[in-house]
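Report on the following structure.
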Amino acid sequence: MRIALAATCIADAMFPQAPKAVVTLLERLGHEVVFPAAQACCGQMHVNTGYLADAVPVVRNHVRTFAPVADGEWDAVVVPSGSCTGSIRHQQKMVLERAGLGAEARTATAVSERTYELSELLVDVLGVTDVGAWFPHRVTYHPTCHSLRMLGVGDKPERLLRAVEGLELVPLEQAEGCCGFGGTFSLKNADTSAAMLDDKVANVVGTGAEVLTAGDWSCLMHIGGGLSRGGTGVRPMHLAEILVSTREAPVVPADRQEVAR
Amino acid sequence: MSDARTEMLSRIRTALGTSTPEATSVPREYRAAGEHAAGSAEVLEVLVDRLVDYKAHVHQVAAADLPGLLAELLGPGSVVVPPGIDAAWLAGLAEVEVRTDSREAPLSAVELDGIDAVVTAARVAVAETGTIVLDGEPDQGRRAISLVPDVHVCVVRTDQVVQTVPEAVRLLDADPGRPLTWISGPSATSDIELDRVEGVHGPRTLHVALVS
Amino acid sequence: MSTFLGMPATRTGRGPSPDAAPGTLGGVGRPEDPLHWGASFPDAAKAALENDQLRRNLGNATATIRSKRARVVGEVPDWEALRDAGSAIKGDVLARLPELLEELERNVTARGGVVHWARDAAEANRIVADLVRAKETDEVVKVKSMATQEIGLNEALAEEGIAAVETDLAELIVQLADDMPSHILVPAIHRNRTEIRDIFLERMGDAPPDLTDVPRELAMAARAHLRRKFLSAKVAISGANFAVADTGTLAVVESEGNGRMCLTLPETLITVMGIEKLVPTYRDLEVFLQLLPRSSTGERMNPYTSMWTGVTPGDGPQEFHLVLLDNGRTKVLADEAGRSALHCIRCSACLNVCPVYERVGGHAYGSVYPGPIGAILTPQLTGEKSDLPYASTLCGACYEVCPVKIDIPSILVELRAREVELGGASPDAADRVWKAAMKAASFAMADGARFRRAARVPRALRAISRHGVIKRLPFPGSLWTRSRDLPEPPKQTFHDWWAEREDER
């Protein structure tokens, strides 16, 4: 398959190890990955903050960049983020329609119908749960709110993790509770966000896991920042970074900072 | 006041404007009835389970044994009954002062407050929710009588027990104007730290006599 | 200012007051406007978060209701079909609201009831006060009702010399403590048993002096206190959970029996109801009587539901008045994107699952409608600028449980857009900062080449990082680093990595 990668703005700028892992993983599985360089952001931050007019050029750029998937030039678009996938699926059309851009709204719908979050692409589209990974570590998984409730990815990420050789998956208490990130919520309601973070961090630490994983670097940045501030030693890693790890090219959580960069 | 009426109605019409939400037909894919027949053993078992869960006292008796049961439940004291109650039910009562209350000759709230117990029939019962519905007909009486006394003995025929809420509503829909009381266990509150306390303002004790 | 013992309720609202003067019961006072009081949401939330007792009370309570609800919803095989029906029925009600209200009015009138229309709170309060005064009584009993909380009916009656006695246990606690409800269903959820005992001892004239804090004893003290009132009350005031247009039937769903007392014993009953509480047909009750109890108290059915149609000769109140209330609802209706907030059946499930509500409690919202539904309904009812649409992470837990499928997260986003518009009209300092930041980000993120350059900017922060993390940033980055670290930005962005890789090929 020819798969176009939407890296997401936050991972592109701050956590390139995740989209890099997606590229390596998909190529290992025998697929071709393309990265349309005109991409920037899906527009979620503007939409969720209420700046709909400012979201329009951002959304238009995304839709224009990924429009070839609607014409069959690529088979799918993969996004290593539940919330960006959710925004592409549930918000872009609304933004364009409100701006009176009917034709582009229709393109947005067509693009979104071929856009998948990573675990959806692997399990539903490519039909694999065992991606041949090896990762001999104790891991806990946080189902981010948008993956869980907006996309309904269900247990796909856990199925992928369970198939990883050597990986011990430990359940997270109150896993479905929001970590308190919420984009600009973490700034506009910093105290409440921090209180939610404290609880999430305590639950993660309670698992005794070495690694916390999720399908979204945005939430991972938030929880990871709390884990780091607390001196817990638990490493945040994107799902893709675990799935890319093999015996031949192992990813070691402890040197994650170095390996990644 | 007619001003307010006119203005509110016109505000609503303006608000709906041209963007009136589509008056769609309502999807009713939910269960219109349960899989078990009214009064079947399965349905009765569920009802009893629910009532016990609510801390109601359940007594399953044959019709012939009902007077004996009532005599046992209504020890010495006073009881109020609706006008249309089956007199045979009360045949076994001894040392019990029986007062009859009716729409035509109602007892006052204060009088009812001085009476220990009430016996009524019921209109329908819903097994899945553990609910008994009274509709104010002569065998059930005014709403006040099943409310003020502290003990309510409710006599339900097994053939009155349906499995689901929609079955009961369909039955009640025949006389929608009747005043209804849906009772699911004795009164209760969870207002203090969500700790459930049974028996607040309504009868603190609910006996259900299930008569076959 | 705090409210001192024995003094009349303050009419200037205050947020939760952690520094309440000694000798008070910590009530927040009765605000002038029940839909808008107290500090800003972030500030009120901060104060609430500092109250450990409150957080424990709320944490335990919401966790308990959440698991009860999940259990009883899980056993209903057709739950999703019921939600679909409930949502569609409410949509239909809004679409046909004028006709259905007229139909309800006709049917209630035909059965001996009197229907009144009230455009706003003042008008509704005036109608009720006049009706009560005509009965020559200075005390009425009340069933818990959000609509009458919303219009400040008790305070309005007090000004006319009429005492309105709340008879729901939690409402009584709130009333005695000169407090505000903090939850739709359990208004005193922020109080623990010891506080409740203290409130009863200080404020309930006839509380037994040896009262302990055992919930059963507290409930029995309230029973004894209220029974005298029930037996002598001439007028009762209630809300309504549902009103059936095609029969004129009203329904009140409750637990304690105080509702039955009020709806049955007094000679006169006055029901105040928001115009959206309608259902078209009697049959529709079969949907809502399944959805509501399981969603709200987590019970298969609530202990008591009363239904009445006008006046029943010889049984119950012989005079019945129904007050239909607008008070901003038509404003909500006019907003296509937000009108589904009027589907709400006030079950409170969205509060119980909300991670924000669970931590900050109801008072932080500064409205009688707290939690997720309050965050969308309050600003829509008032039409004022509000920080409530931002009081959410958009985690979606509310939408998932809502029995009538109100897409609260999407409405929050719509309302944020409205806030931005309102902020544009009269911006404060924060509005200007956000606006500039969003403009700049929009420019940078609307083009791949511009983004590629912008994405390299964070790299500058590597200069201040130690051991791979940044612990401190200047404002506004400090809002982040106050509670969490920021990882060191990478040497190379993904865009640059990919370009390099392509070049190497």
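Letters are used for the chains, namely A, B and C, taken in the order the chains are written, and counting of residues starts over at 1 for each.
Keep this in mind: contacts are C-beta pairs under 8 Å (C-beta built on N, C-alpha and C of every residue); 3 or more make two chains touch, one makes a residue touch a chain.
Quantities reported herein were computed from a predicted structural model and do not represent experimental measurements.
Shared contacts of chain B and chain C, meaning chains that touch the two of them, come down to nothing at all.
Put simply, the chain nearest the middle, going by average C-alpha positions, is C.
Taking each chain's centre as the mean of its C-alpha atoms, the one that lies farthest from the centre of chain A is B.
The distance from the centre of chain B to the centre of chain C, with each centre set as the mean of the Cα atoms, comes to 30 Å. Put simply, the C-alpha centre of chain A and that of chain C have 33 angstrom between them. Chain centres here are Cα means. That of chain A falls 53 Å from that of chain B.
Annotation for chain C: no residues touch 2 or more other chains. Contacts from chain C toward chain B in the complex involve residues 57, 60-61, 64-65, 77-78, 81-82, 84-85, 88-89, 91-92, 94-98, 101-102, 111, 116-119, 123, 127, 167-170, 173, 186, 188-189, 192-193, 196, 215-216, 218-219, 222-223, 226-227, 230-231, 244, 247, 249, 255-258, 260-261, 263-265, 275, 282-287, 289-290, 293, 297, 299-310, 312-316, 324, 326, 330-331, 333-334, 336, 339. Residues of chain A touching chain C in their complex: 7, 9, 11-17, 19-20, 35-41, 43, 45-52, 54-55, 57-58, 60-61, 65, 90-91, 145-146, 148-150, 176-178, 180-197, 221-222, 224-226, 228-229, 257, 260-261.
Interface of chain C with chain A (complex): residues 41-42, 45-46, 49, 355-356, 359-360, 387, 389-397, 399-400, 410, 413, 415-420, 434-435, 438-439, 441-452, 454-456, 458, 468-469, 471, 476, 479-480, 482-495, 497-499. Those residues of chain B lying in contact with chain C across their complex are 1, 4-5, 7-9, 11-17, 19-31, 50, 54, 102-104, 106, 109-110, 113, 126, 128-131, 136, 142-144, 147-148, 165-166, 168-170, 172-173, 176-195, 197, 199-203.
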